[in-house]
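Please read through the structure below; I'll follow up with questions.
Letters A, B, C, D, E and F mark the chains in the order given here, with residues in each chain numbered from 1 onward.
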């Protein structure tokens, strides 16, 4: 099966910032992304869990974005502008995708 | 620690199609997969969120599958047959796994 | 945008074991991890889903951990000690991260 | 009560206003939202309660011969309405064959919340109805899907229909729960109802308010995101088709000799459009059909239409026609 | 009421039929399902309500000396039952030592929903029972786990037991909530109960129906997926062990001089098998034990057995034995 | 009832004890937990119920001129309290400007559960209050955020404030639901309330117990994880600020001529600190502010303080001051 090179960018970010991030991604020309719920985690600011939480303040979400490699820089600039001053982790992996026309 | 080469396939697909996809994967000889909930996303067919939804129609799920590299083609053929006519995204990454006997 | 090499480790493990795993990771010097809920899956011990479950016994979670490559071995040893006797899958991918100081 | 008074008193009921609140909040892009798990739990509650009460009603008042007739009428209506809907859509809108067939399938099937809202109005007016109408509702969920696929097949397009899908449709969770709780209510009767009525009767209206709040939120989000997906013709269809469906239900109800309440409920069922079971089936069988078309029409246009204007209209018509 | 009438009236109660509906739906592979969060919320509700009502009962009727005795009896039963169960399993089935020990641990512990169903039957028959039986239930949750691990250790196999696990077992959410709400009910007494009875008393039976619907779904899914995991011997064990456990409870209850209702509840606790706390502990401590064996036996065989036949049987036996 | 009796009877109410149970369970590291979706669903229920009842109260007793005055007073209090809080924090603690400003913003805003607990106490004492106090609560949620950002801006630090954030704050889900259900309650009045009172009135106290159990769990987890984040000075602030805020509310309430209950509720609103809307806004606008400082102070110190000691104190003071 024919596959095409792509980048898989995974951004773990605070929930109240998700909409700002996806808006920025969309502006940077990203054609699609997927948001996964995050149950808990730990980092420099300590451990946390969503259990029993009512406020979005104390939680994170994972935004996964598959893009053509040549668009990576635009995406990273956009993501970094949002994540820079906030809690969050950005990772990039090499990937292959089916149906390149979708990215 | 000894690790073994593998492929990590991630398929983001509509919820009503998940069972069909996992059935196809199983038929293609895949020995395991994991289904992650997806909270929302955006693509060619617009943005969506699971919040408040009752029908499975408007949502996606992520199916993650670790396999031995030589089985990749079988898996992709099976996945593609299901995803082809439907909304969905398939990505493949190189990975290493512990305990190769499980794959 | 400057990026830094890292490893992305993804551990799918039974929920009752998650705290033991994250404790072991923390002891092994891991500075952060993220826990994602898992909805269902299939493997050698059959298929399962979280739907309607009350006990944590029948479910899994995914722990994602980004680390500097030189720390990988410590992490894998720690993870393996916990996963060894239990159901679970460990995969490692090469990744790049922004803001290396956080890892 | 006249049609206008009825419509007015309906419009300022807590359940309609809760729907309006959700709709307004979503259109104003408030972050008000109901977790998916909570929305699903409430919908299970509503199905269980309405099914059980219907069954207990049958246990209390007995069954006359019309049950079979009503079930058959439900089947026929569910099969037939999509053809009428498809024809109307072709006249009024520019939707593709596949989109039009998918929409038509939704209108042959039913919306259980619209049904519930109609029973609430009946109750507040102290109008009796046949308890087995709940079973009729369950029977009407699925056949319309087959009609939609048949329309598509006739036009030479391929629908992905397999044995798995047929089982999925027939054993759809909402059908199973509705029929199952109907049978439980029937078996356990008045005594069973007494045991759990402080769960399924007393708080019912209040729970319905929260559910309608959520439906307003979902409908509003849908309307906002699908701006432009619907032409004027499609929107017109969304308001014209319900009364047409209701008229078909009226005819069937009168033929069967149902009570005023029963006729009104059959009209409501025929007039309402599915937004749970059919969309999921369409995603599997007709993936090329655009979901924002059928979901927006069903949930964003026809559901509010029925809730606000349709139900009082159907009640007035049923009252007039049965002389009740 | 005789045993047969009792069993019959029990079998057609809404809660049993709801369980049957869930079971049937899962076996027929319907997609009917309850979200995990909703199922957990309902189980928190049930634990809170049953604990609180037990405590309020103690506040109302006072404590006699038997509380300590009953708690001690619960401890002893929970420790002892696994040994009997292990022995029986070795005779009846071909399970490995570890699987048999894990199963045995489940049968020494308790199923709180079975307990709740038993109190419902008592209530419907207007038979009083000691409010503190809820505390006995809480006390019986954990000790059986230790017995299971001890059996494994004795056979030379290693169980993964650490201080963390002991704390996890003893401070397990369901134990803490049951004991905690029992204490709250005791402290706030009748007055507290009056404040929240329209939440924890009135809708209780109805909520229980939805929970049993879910348990039926989970049990049915488990039975379907583990076809073949259980031999005839193991299934026989799942039906024979409950009456044996109940007999042990009966003896203890008579020794303590509990009321008819109290004896019946102690029998039910001894007869029931855990499906929440113990499975989670076993996954940590005995990872080699096959979960589909113990979960299927506990939830798919013993739970329905107790719910349908066991409870009426235990009530008849307790009535006979106490002359109540 | 004197202050001490009041405090004592308050301390042993089911809702306070449920909070204590949650707190104790979390501090003892029990795995007792409420799913996020269930907690959110309960908070939606509480907002809907309290808003609706407030609106129905206004419909029943009519509006006098004080509504506008009370809304204005709420606005002013919400704007003003953060300045007082900021000053006090600078004196008592060593928090950075940004942390202190973020905390101050929380104390100008309100905690709706504290408000609900206060209305429960009023109800149990049969003390009437103005139904529109719910609208005052809604109005007090947001302004304090602006004050906090203004304090930060004045010290030369940059807060991330954009049009999107303003909309998010003003159309925050809890404000929209509170105001929306208040309006629905007002429109549908006594009749609407009668329709859904077995949902929003009867079980209210019990649902509140479960929610406070969850809040205890979350607060306990927060306290455990943020050990050391708070100095003695900050904790002292968390206990001193509520009475100071209450005093400001008392003055405003007396000026407006509110009823005893109304004065007490305005005091409670001024004394309470936000733990939902403001933290989320602060994460967006002041990301450098440490969440464990403001969340722990608000939820771990001030919330329990108000729940146990504050509410009886404010009621006594309001009773004395109004001569009620």
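Everything that follows uses one rule, which is that a contact is a pair of C-beta atoms (placed from the backbone, for glycine too) under 8 Å apart; a residue touches a chain by one contact, two chains touch by 3 or more.
Fair warning: this is a prediction, and the values are worked out from it, not measured in the lab.
Listed by label, the chains that touch subunit B and also subunit D number zero. Taking each chain's centre as the mean of its CA atoms, B is the chain most distant from subunit F. Centroids built from CA atoms put subunit B at 18 Å from subunit A.
The distance from the centre of subunit D to the centre of subunit F, with each centre set as the mean of the Cα atoms, comes to 40 Å. Residue positions of subunit D with contacts to 2 or more other chains are 33-38, 40-41, 198, 202-203.
In subunit C, the residues that touch at least two other chains are 36-37, 47, 49, 93-94. Checking each pair of chains for touch leaves A-B, A-C, A-F, B-C, B-D, C-E, D-E, D-F, E-F.
By the touch rule above, subunit F contacts subunit A in their complex via residues 33-36, 39-40, 43, 160, 164, 214-215, 217-218, 221, 225-226, 275-277, 279-284, 287-288, 290-292, 295. Across the complex, subunit C meets subunit E through its residues 14-17, 19-20, 45-58, 85-87.
On the side of subunit B, the complex with subunit C involves touching residues 1, 3, 6, 8, 22, 26, 31-37, 61, 64, 66, 93-99, 102.
Subunit A makes touch with subunit C in their complex at residues 10, 12, 36-44, 47, 49, 60, 62, 73, 76-77, 79-80, 83, 89-94.
For subunit F in complex with subunit D, the residues that touch the partner chain are 35-38, 40-41, 44-45, 48, 52, 167-168, 171-173, 176-177, 180-181, 183-184, 187-188, 192, 195-200, 202-203.
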